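By written order: A, B, C, D and E. Residues from 1 in each chain.
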Amino acid sequence: MNDSKQTTLEAEKVSHNYGDIHVLENLNFKVNPGELVTIVGPSGCGKTTLLNILSGHLRPVGGKVISNGIIRTVYQQDGLFPWLTVGENISMGLRSMSEQERQKELDELIKLIHLEGFKDHYPHELSGGMRQRAEIARALAGESDILLMDEPFSALDYQTRLRMRRELVRLLALRQRTVIFVTHDIEEAAQLADRVFVLSKRPATISREFIIRSPKPRNLTDNAVIAAMKAILSQLGLQPWDGNTSHIFDENSKTN
Amino acid sequence: MNDSKQTTLEAEKVSHNYGDIHVLENLNFKVNPGELVTIVGPSGCGKTTLLNILSGHLRPVGGKVISNGIIRTVYQQDGLFPWLTVGENISMGLRSMSEQERQKELDELIKLIHLEGFKDHYPHELSGGMRQRAEIARALAGESDILLMDEPFSALDYQTRLRMRRELVRLLALRQRTVIFVTHDIEEAAQLADRVFVLSKRPATISREFIIRSPKPRNLTDNAVIAAMKAILSQLGLQPWDGNTSHIFDENSKTN
Amino acid sequence: LRFHPWSQKSAVADKKDVVHEGPNNDARRSLTVGYLPVTCHLTCPVTDFASKTTKTSTNFNSQRFTDFPTVVDALKAKQVQATFMIAPLAMKLREDGAPVKICYLGHRDGSEIIIRKDIQATSLRDLKGKTLALPSFYSNQNLVIHKLMEDQGMQPNDINFVILPPPDMPTSLAAKAIDGYFVGEPHCAKAELLGIGKVLYLARDIWPNFVSCVLVVHEDLIKEKPDVVKDLVRGIAESGKWAEDHRAEAAKLAAPYFRQDQKVLNYVLTSSPHRVSYAQLTPTDAEFQQIQDMAIKMGILKKRLPISDYMDRDFIPQTIVAAPIPVDKIPDKN
Amino acid sequence: MKQTPRKKAEIVLPMIVILIFLLIWYSITYFKLVPAYQMPGIADVAKSFKEEVMAGRLANDVIASMWRVTVGFVISAILGIPAGLWLGQHTRLRYALTPMFNFFRFLSPLAWIPFAILWFHIGDKPAVFLIFMATFFPLAMSTMTAVASIPSIYFRVAKDYNYKGTELLTKVTFPAVLPQIITAMRVSYGIAWVVIVAAEMVGCQDGLGYGIWDARNGLRLDTAVTYMVIIGVLGMLMDRLLSQLTKLRNVRWGYER
Amino acid sequence: MKQTPRKKAEIVLPMIVILIFLLIWYSITYFKLVPAYQMPGIADVAKSFKEEVMAGRLANDVIASMWRVTVGFVISAILGIPAGLWLGQHTRLRYALTPMFNFFRFLSPLAWIPFAILWFHIGDKPAVFLIFMATFFPLAMSTMTAVASIPSIYFRVAKDYNYKGTELLTKVTFPAVLPQIITAMRVSYGIAWVVIVAAEMVGCQDGLGYGIWDARNGLRLDTAVTYMVIIGVLGMLMDRLLSQLTKLRNVRWGYER
């Protein structure tokens, strides 16, 4: 647990394109150990592509990524292994534990995602939201240093979503991890983030970066959260900004 | 277009279970022609199952569905044909048109979903949100009487989502259709619905039904929308209800 | 890896289509001899039976094969060290340097040219332009029919020759895919009995004392176990003499070995003594010289070899008596 | 609950088809629509079946052939499936060996016969060798193709969770292609049965394939048909057994419908 | 852009493997590790290759065999793929006919030879028939299995958009299984080549399979190996051609990685 301080995650001049389609344009950032960065941006701008590059599954066409530590990803598409049960899927990250410990941990995780009774079900017997929850539990299981989460709560109902946010914050307090969290839910971005990257349209650059310094867990009605939501919405051109920056630090603004 | 008045969609004592898992418990409702019903409910409660039963793809274990009219579905999982391009996928519902008309309609739809330039791309070359948009366009293309939409905007960013809501309302005004719309976004449910069904946990019953009589298109800040959101949130146990029913008609309340 | 999980039953398995009551316990040695289920090789199962029902010092086990190339490969791999084989193929084998020798003959005659019943023909000349099937380019049938064509003043391509596996010949004739064929018995009798073919020439009409198959023995066996080879050749000679005089019994004896219809074999052996004969199985130099000449002419063999190079007459017995096969011990399997 | 009527349909419908087939066969021979020598009648076949059973040959032939097919097939499954998995995972290796494998895939067991005899002599071994040669390459190739088309997301997940080497092979690659491997096994098991006739040309003294040769050499079309029927029926039954594998819980996802 | 080094690897690596293979072969015969009669040397094979080419036989044999294989294969593709699609879509039909199809799938072309002669005489026709019999059933079965495992969502969508009958078949079912059909075609094309040796047993006077029989009858193992090499190489090339189909844009999704 103490080694998480050495976790690094850094993008240097990262650019990417698929054939003619320019997706990422010269991205530069450094994520601090233990920081939770949320990324918001228009559909199809390159968020998933960026995560794939950060996790090393995709080689960027330009620039490079420096990372250090065990990376886990919650994928946007179904990433559960269809040939394993929910329990077996979640246990993937727990292989190094003893049988007993693993069972305990597994039961806890299943309780966390509210899938009691579905441990022995296969993914194709679950609903969309249940699959997503199982995937979250899998990513959270065991030791990891960096979590990449690609719209992890998109298929969940509001109540479950609130609960999962709370749990995520609680777990991160217990075991520090660096998190990159892609979401379309601005409330979510504001509630969870230490820092928010607002991406521009394709080709994506970081059009704005907000730092939110309020302690967590945060309530939805916290001033910092409301201020951050407003700031993000205004950056997305959805609301005029009233300029209240008391809780938000606007950094590195590079509107292009 | 005039025949849409005859559209019926009715569930009579519908129950369903997968093996031991009871999913739907004695659902009874009738959707009026041209009505937009949104369904909210906890993850895994049986919403997708209900839609599958309504569309006739799944035979309910108990009860029956009476429906009349052409049904189109936006599926929660990827339902695009991977062997067709975006344009070809969308054209599926336009086969009865002349070549020229089809091209025109197709271009319009592609503009609607903001996928200009991706007409000849294959689904696996798109981002999650782009695929979802293509699927929405496909369901909207051509003549249909009933639209079943299973979390259709879940992978879209906030801005696109707002836009898609607007477009949906506009299109429905042009060409009346009966719509069942499953969503986890309570704002969305309140903004779009003529009626909201709040489902209980599995086995799902309709725990509450709200009628929203405000004209569409509605703004997010409309009183009716805010009142409806509050009502739904309170029914979900997330907020105490302040009892302002001036815009909301609570019907058929059968808290179980 | 054990390849015989049913070894318990293997004794039974060995017996299954063999008509004797098991190996002759007096005999100390045994030898496997290869053959094909054709009447040209009839002496092989007879010798097998004789070795087990009479007093001999070697048990001969006949092993049935399906085609000559396989027999040759088995011989090369020394899986069988003695086998029956068409004569030109044996010579070819020798020419290629394989250490084998011809030790004896298998039969005389035993082949016919069969034509379709509806074809009016009295000589080979009438078959001009017709399709005739042969078992192999390396068969004596091939050599002899070309000789006959030449004798009758025909060109080599006056007749269309096709190579067919003998079992497919009656079928092809029935389907009218071919007009006739020249092959060893019982494939000729089969067509006659089916009523689809008739005999145009018996082998002896073309070439008196026709041989198609010979007994080929691996030189290693000759060197290492000359006694066994001696027993074998004598056994075949005596079996031949017995079969010549006990034709119906021979058919009855061979049917289960060949797994063929006894009626067909019986027809071959008994309908006319001219169809096949098992007397005079001692080869003469002249015969082989003639075969060799024809084969060289046909381009099957390259060069003339001295007869002694591929022939070993050392084992041929002076006096031949019919094998004392107990006729009553031949079971009736039909 | 829905299993029972389905099971019934699975048994009753084929029965009907088979009955119809037998009826057509019977009528053709009964009304002499084709000459008798062109198609043996059912009665003849039944008679020769009885003969073979009475002679005790049939049981022995069945056991012998099953043994050869099974041994050959099991060896090629044991070698071919891992080879396919391994090749599928390593792109360069795949490029390197695919043409070689393809080359051997196109060679007839009949062409291998001389080598089978020269290298493995006669009896069971060459037959097993021929069956192996005929099934190994298709099995390896199919597995390889299946592996090469595993959705990349599974490998990404596997990498995240540090699956490597053998563990990657056994815990990810193998289960991911298991549904297709089962299909491939059914196809190659079919090939193994088809090859038995060629394989038992090689100096075997028993077996169903040998039975066919024997029947042909013995000019007995009816017996040949008997053996064909037995080969077909046995193959069918064994395929039924193999198809039970598709009912395993952890491959169900691969046969969605 | 990444195509070029990949293409190069696809050519260079197999070359290396083939060279290594030839080297091993050469050493085995050169150092007489096995007796000469067990394995003909490369030089002998090359010599007999030259002989065959010089005699003008080879070109003729290649054309004859290619023709037979192609005709037989095309017929079974034209009949087998639609049959498989159709059977796959109708559950009851599938239950009814699967056992029958399976039965025929297990029958060796060698066993069919007498019938091939009776029904099609000798020459090209029985050869084509045998190739057809050997490839039709596997092709139909594979297509059927593939159809039966199409994710049900596609059929739901198809139903929504009112695809029925022929349109359903051609616009949904067929493209959905096209990637697997291509694989199945490659496998059965392999079977077709394998069967050519058996098929040309039946009174053919030319062709590569006949060449092998002829060589065996003539005790020319070197010539037999020459023909084997040619069959293997031709098959390989044809497979390469077929594999180009996997590069079609609308099947790429099926070979994701």
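To be clear about the criterion, a contact is a pair of C-beta atoms (placed from the backbone, for glycine too) under 8 Å apart; a residue touches a chain by one contact, two chains touch by 3 or more.
Predicted, not measured: the structure shown is a model, and the values here were computed from it.
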{"item": "Chains contacting each of subunit C and subunit E, listed by label", "value": "D"}
{"item": "Between subunit C and subunit B, distance of the C-alpha-averaged centres to the nearest whole Å", "value": "84"}
{"item": "Centroid distance [mean C-alpha coordinates] between subunit E and subunit A, Å", "value": "50"}
{"item": "Distance from subunit D to subunit C - Cα centre to Cα centre, in angstrom", "value": "36"}
{"item": "Between subunit D and subunit E, centroid-to-centroid distance (C-alpha), Å", "value": "16"}
{"item": "Multi-chain contact residues (two or more partners), subunit A", "value": "77-78"}
{"item": "Subunit C, residues touching no fewer than two other chains", "value": "69, 76-77, 165, 167-168, 171, 174-175"}
{"item": "Touching two or more other chains - residue numbers and ranges from subunit E", "value": "37-38, 113-114, 118-119, 216, 254, 256"}
{"item": "Touching pairs among all chains present in the structure", "value": "A-B, A-D, B-E, C-D, C-E, D-E"}
{"item": "Residues of subunit B defined as touching subunit E within the complex", "value": "55-57, 70-73, 75, 77-79, 81-84, 92-93, 95, 122-124"}
{"item": "Residue ranges of subunit E in contact with subunit D within the complex", "value": "9-10, 13-14, 16-18, 21, 37-39, 92, 95-100, 102-111, 113-115, 118-119, 134, 138, 141-142, 145, 148-152, 155, 179, 183, 186-187, 190-191, 193-198, 209, 212, 216, 221, 224, 227-228, 231-236, 239, 254-257"}
{"item": "Touching residues (chain side subunit B, partner subunit A) in the complex", "value": "18, 40-44, 46-49, 76-78, 125-130, 132-133, 151, 154-162, 184-186, 233, 236-238"}
{"item": "Footprint of subunit D on subunit C - complex, ascending", "value": "1, 3-6, 9, 12-13, 16-17, 36-37, 63-67, 69-70, 73-74, 76-77, 79-80, 165-168, 170-171, 174-175, 186-187, 190, 194, 196, 258-261, 264"}
{"item": "Of subunit E, residues touching subunit C in the complex", "value": "37-38, 113-114, 117-119, 121-122, 201-203, 205, 213-214, 216-219"}
